[in-house]
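Starting off with a structure, shown below.
Note that the chains take the letters A, B, C and D in the order they are written out, and that residue 1 is the start of every chain.
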Amino acid sequence: MKGLKIKLADDMLVLRQANQPATVINVKGCPIGGDSIVVVAGPCAIENEEILKETAFKVRGSGAVMLRGGAYKPRTSPYSFQGLGEEGLRILARIGEEMNMPVVTEVMDTADIELVSQYADILQVGARNMQNFSLLKKLGQINKPIILKRGLAATIEEWLWAAEYILAGGNSQVILCERGIRTSEPWTRNTLDLSAVALVKELTHLPVLVDPSHATGIRSLVTPMARAAIAAGADGIMVEVHPHPERALSDGDQSLTPKGFSQLMKEIEPIARAVGRRVY
Amino acid sequence: MKGLKIKLADDMLVLRQANQPATVINVKGCPIGGDSIVVVAGPCAIENEEILKETAFKVRGSGAVMLRGGAYKPRTSPYSFQGLGEEGLRILARIGEEMNMPVVTEVMDTADIELVSQYADILQVGARNMQNFSLLKKLGQINKPIILKRGLAATIEEWLWAAEYILAGGNSQVILCERGIRTSEPWTRNTLDLSAVALVKELTHLPVLVDPSHATGIRSLVTPMARAAIAAGADGIMVEVHPHPERALSDGDQSLTPKGFSQLMKEIEPIARAVGRRVY
Amino acid sequence: MKGLKIKLADDMLVLRQANQPATVINVKGCPIGGDSIVVVAGPCAIENEEILKETAFKVRGSGAVMLRGGAYKPRTSPYSFQGLGEEGLRILARIGEEMNMPVVTEVMDTADIELVSQYADILQVGARNMQNFSLLKKLGQINKPIILKRGLAATIEEWLWAAEYILAGGNSQVILCERGIRTSEPWTRNTLDLSAVALVKELTHLPVLVDPSHATGIRSLVTPMARAAIAAGADGIMVEVHPHPERALSDGDQSLTPKGFSQLMKEIEPIARAVGRRVY
Amino acid sequence: MKGLKIKLADDMLVLRQANQPATVINVKGCPIGGDSIVVVAGPCAIENEEILKETAFKVRGSGAVMLRGGAYKPRTSPYSFQGLGEEGLRILARIGEEMNMPVVTEVMDTADIELVSQYADILQVGARNMQNFSLLKKLGQINKPIILKRGLAATIEEWLWAAEYILAGGNSQVILCERGIRTSEPWTRNTLDLSAVALVKELTHLPVLVDPSHATGIRSLVTPMARAAIAAGADGIMVEVHPHPERALSDGDQSLTPKGFSQLMKEIEPIARAVGRRVY
């Protein structure tokens, strides 16, 4: 990065060396980081089999290739719904298989890594755990792709070092995910930092996704930000979809309906083409 | 805005009422806020006639329709180059006329409004003056379009109220411009807030531009962020271009070369089409 | 500053050179920056002569040595009370003389400097105008002390450079005032940055005040933060006091009653002694 | 909190109910949260027995009542010193016993809770783990006092909810610790938020400490901020002390020397008295 006052160790595994190709991570036949834009969709939390199945069926029909859903939910209050735990994992794996969609879910505790790995195709580290170094170290020792969300107030530098923890442990399948940072703007839940996406794509060889749902917290902004993310160079998006957002156990305000998601897919397709890519 | 906890007075002039069309501001035949994406380009500061002329000639050749350049420069240090003042305004107006490009320049002092108005087609309020209410009030009384940049730490709410100051004074020609907010991310100069662009486009009837140069402070990020801005729904972009950025008296690190600007124009065109618009 | 990565020009007027004594600014016999802690109190806005007189009488009785009150008010909305203007200045000057208290008031426009100077003993630059460089330059040319509030998102570096604008113009009577910065914490109006106070006291020779009222926006926090400010090394405090906060035209939530102010004065006195100073 | 727009569940365990006394947590005879100001001191990381012993001996001599030191260190880079692990815990416990000082150390992983509990008198949750809900839940089930540091960008509300996780699990011995939040000010490592301390003291019954070392990252600011913390109402401070800061394996820039710490103790004593308290 000529002209940038960026200080990272030159030999970090996370950095893109001269002539190094971009890393493409293959998840059950779906490459992440290649020419195609990957779309991961699903509800915030797995609530029951019916809702997840309905959501999966509809998002797959609109073009999503992977299914997301939380079994362990990081909630501000201990009295909020905390997720279905292992029962949720089972539901997720079953629906994923039935729909032929790889599944993504969050792991929050080093003690759960083995269990979550049995069910999930990709393990996600949430924003609040981006610097849970014990978790990162243990995820460096497994053979599963990891989605590493950027912390709520993490600098790009800290984000790359967090990825380095996983890579240094021997797991090279890291996918970065920008999901908004905390700023002094109160109307949006967070501020989606798309310059970080473009900068990280320059600096690293890793794929980068964007989560416009958590970033904005406002349903009507999800599609414009999905378009912008792909225009900025993201390799894919993660979107919350719920068949009945008004009844969702968490994050209803920002969830798209299946119909809204279908519209999103229509709108990102021409953007993907405009940057020389395509949506699966 | 159903579902949003946004508190603004319902009858604010800045808000888009039901069925109200978007405001299109016509500047010497260039509409801002209509179907076409407007591109404003030029150096950060007007340094001399030759450089401005060379820049204008080249950016016009690549498709810019308006010329920008600062005669009064807000600089952190009193010992930095403060701009050419009225001599700069004269140069700007002359080149604008020669090239047939409307010109944009910043006004920093209520005492300069009359003078700047004689030379400029659009007056710009810089980020540091977004809540200079004396300036806003007096700009409400003139008959020139105003570009109102978002303050460095201004909330969207404060930005809209700042626009309201100008509208309330009787001047309805306000163009909003997002240029990044100050956050805890140190690698980029500011954090470009494109969710604010999408949200402000929903809430108001005013045109919204994006300045990816000041927002990022890094040359290589200007084009990706210009693409993202248009994908998010911006009505145009303002870009710093300098024939010799390494010799620029201010903001050289973020200025595109004319060649880089030409590449930017090539890349935003398909994005504009993907959102149903075109670049002039 | 050994060990600090602080980059300022070594010969800046604002910096404290080796063996340079602290600057003490004498305002009608009240020294600011010396051994005594100065307390400036009064209502946010001057509403009428009765209220100001009642406030002045009471705060003087409790130990305030200077009177503050706004005649020109920077308000987010153009439809909010904007201050009484020159009529307010006249009231302020009259009460100040009657009570034998120097008076402080804000100036927002270069066009008003001369007028405000006729009435005020100290001119204040508000947070929103900290980088209104036109205003700073003109205040560098007058012979009145200036209170320079830190901008809402201004770095310490920018604050010192803003002071340098005034000093470079020839006016050496600058008093810095920390009043909270904008952060991601939503419960307090701003985040009072007392480390900035301690750091600025090390770096410069200028007096530094703290405004705990605007910083917190919460009445019950004003006194604890006044105590903390003095413990941190501040040379004084500015506090909002209103005889009937619930009826105040602005900032009622954070205004102390005269009784609350009297309690504040009782509590800061032992703190001042604990750091080897005294309250006037 | 009359007049505050604070939304918390009224029956949260963390909140102070009418007439509820402040919680005093007794650690081997040292009460935290009572009339006395508690001072916890020690090196950032436990490096070896000699250094820890020298530090403990000196800080105890100056008046510290508890000893801190990290055996598991959360470091941005995986290649930085990560702490001595169990060997560090053993050293810490041995020195604590020898010096008759209760010891505080950080736990980062649910898998380490049992082990750390065998050696430490107080377990600390670091800022990066404030919303590691798995960790919080398991700490709710042990019978040891917990110091809960505020997250780098955590709101006060989230901090209180994080404490609620521990309380809801059945462990009522929670001590809050403010250690600075991330803001746009780059000169200090973080911005110490003392208004949060005063506000949290109003809202809750829990003791609140302040860590001026991590908050500022600058040695010369530690003592002024320790004074300010106590003036603001904190129940104690945690300070980094190292006999040879220039050779420390982590955080040398912000560590006090034993001599500097002795000076700090001299300066906080009169402040404690000024607020009606005393230092042990």
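The rule is short, and it goes like this: a contact is a pair of C-beta atoms (placed from the backbone, for glycine too) under 8 Å apart; a residue touches a chain by one contact, two chains touch by 3 or more.
A quick note: this is a predicted structure, and the numbers were derived from the prediction, not measured.
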- What is the set of chains touching both chain B and chain C? A, D
- Using each chain's Cα centroid, which is most distant from the centroid of chain B? D
- Query: Where the CA atoms of chain A average out and where those of chain D average out, how many Å apart are those spots?
  - Reply: 34
- Where the centres are mean C-alpha positions, what is the separation of chain B from chain D, in Å? 47
- Query: Among the residues of chain C, which ones contact at least 2 other chains?
  - Reply: 153, 157, 182-184, 186
- Residue positions on chain A within touch of chain C in the complex are 153, 182-184, 186
- Query: Hey, which residues of chain B end up touching chain A in the complex?
  - Reply: 1, 3-4, 6, 153, 155-157, 181, 183-188, 191-196, 198-199, 202, 215-216, 218-221, 224-225, 227-233, 253, 267, 270-271, 273-275
- chain D-facing residues of chain A, complex: 9, 74-79, 108-112, 128-129, 131-137, 152-153, 157-158, 161, 164-165, 168-169, 182
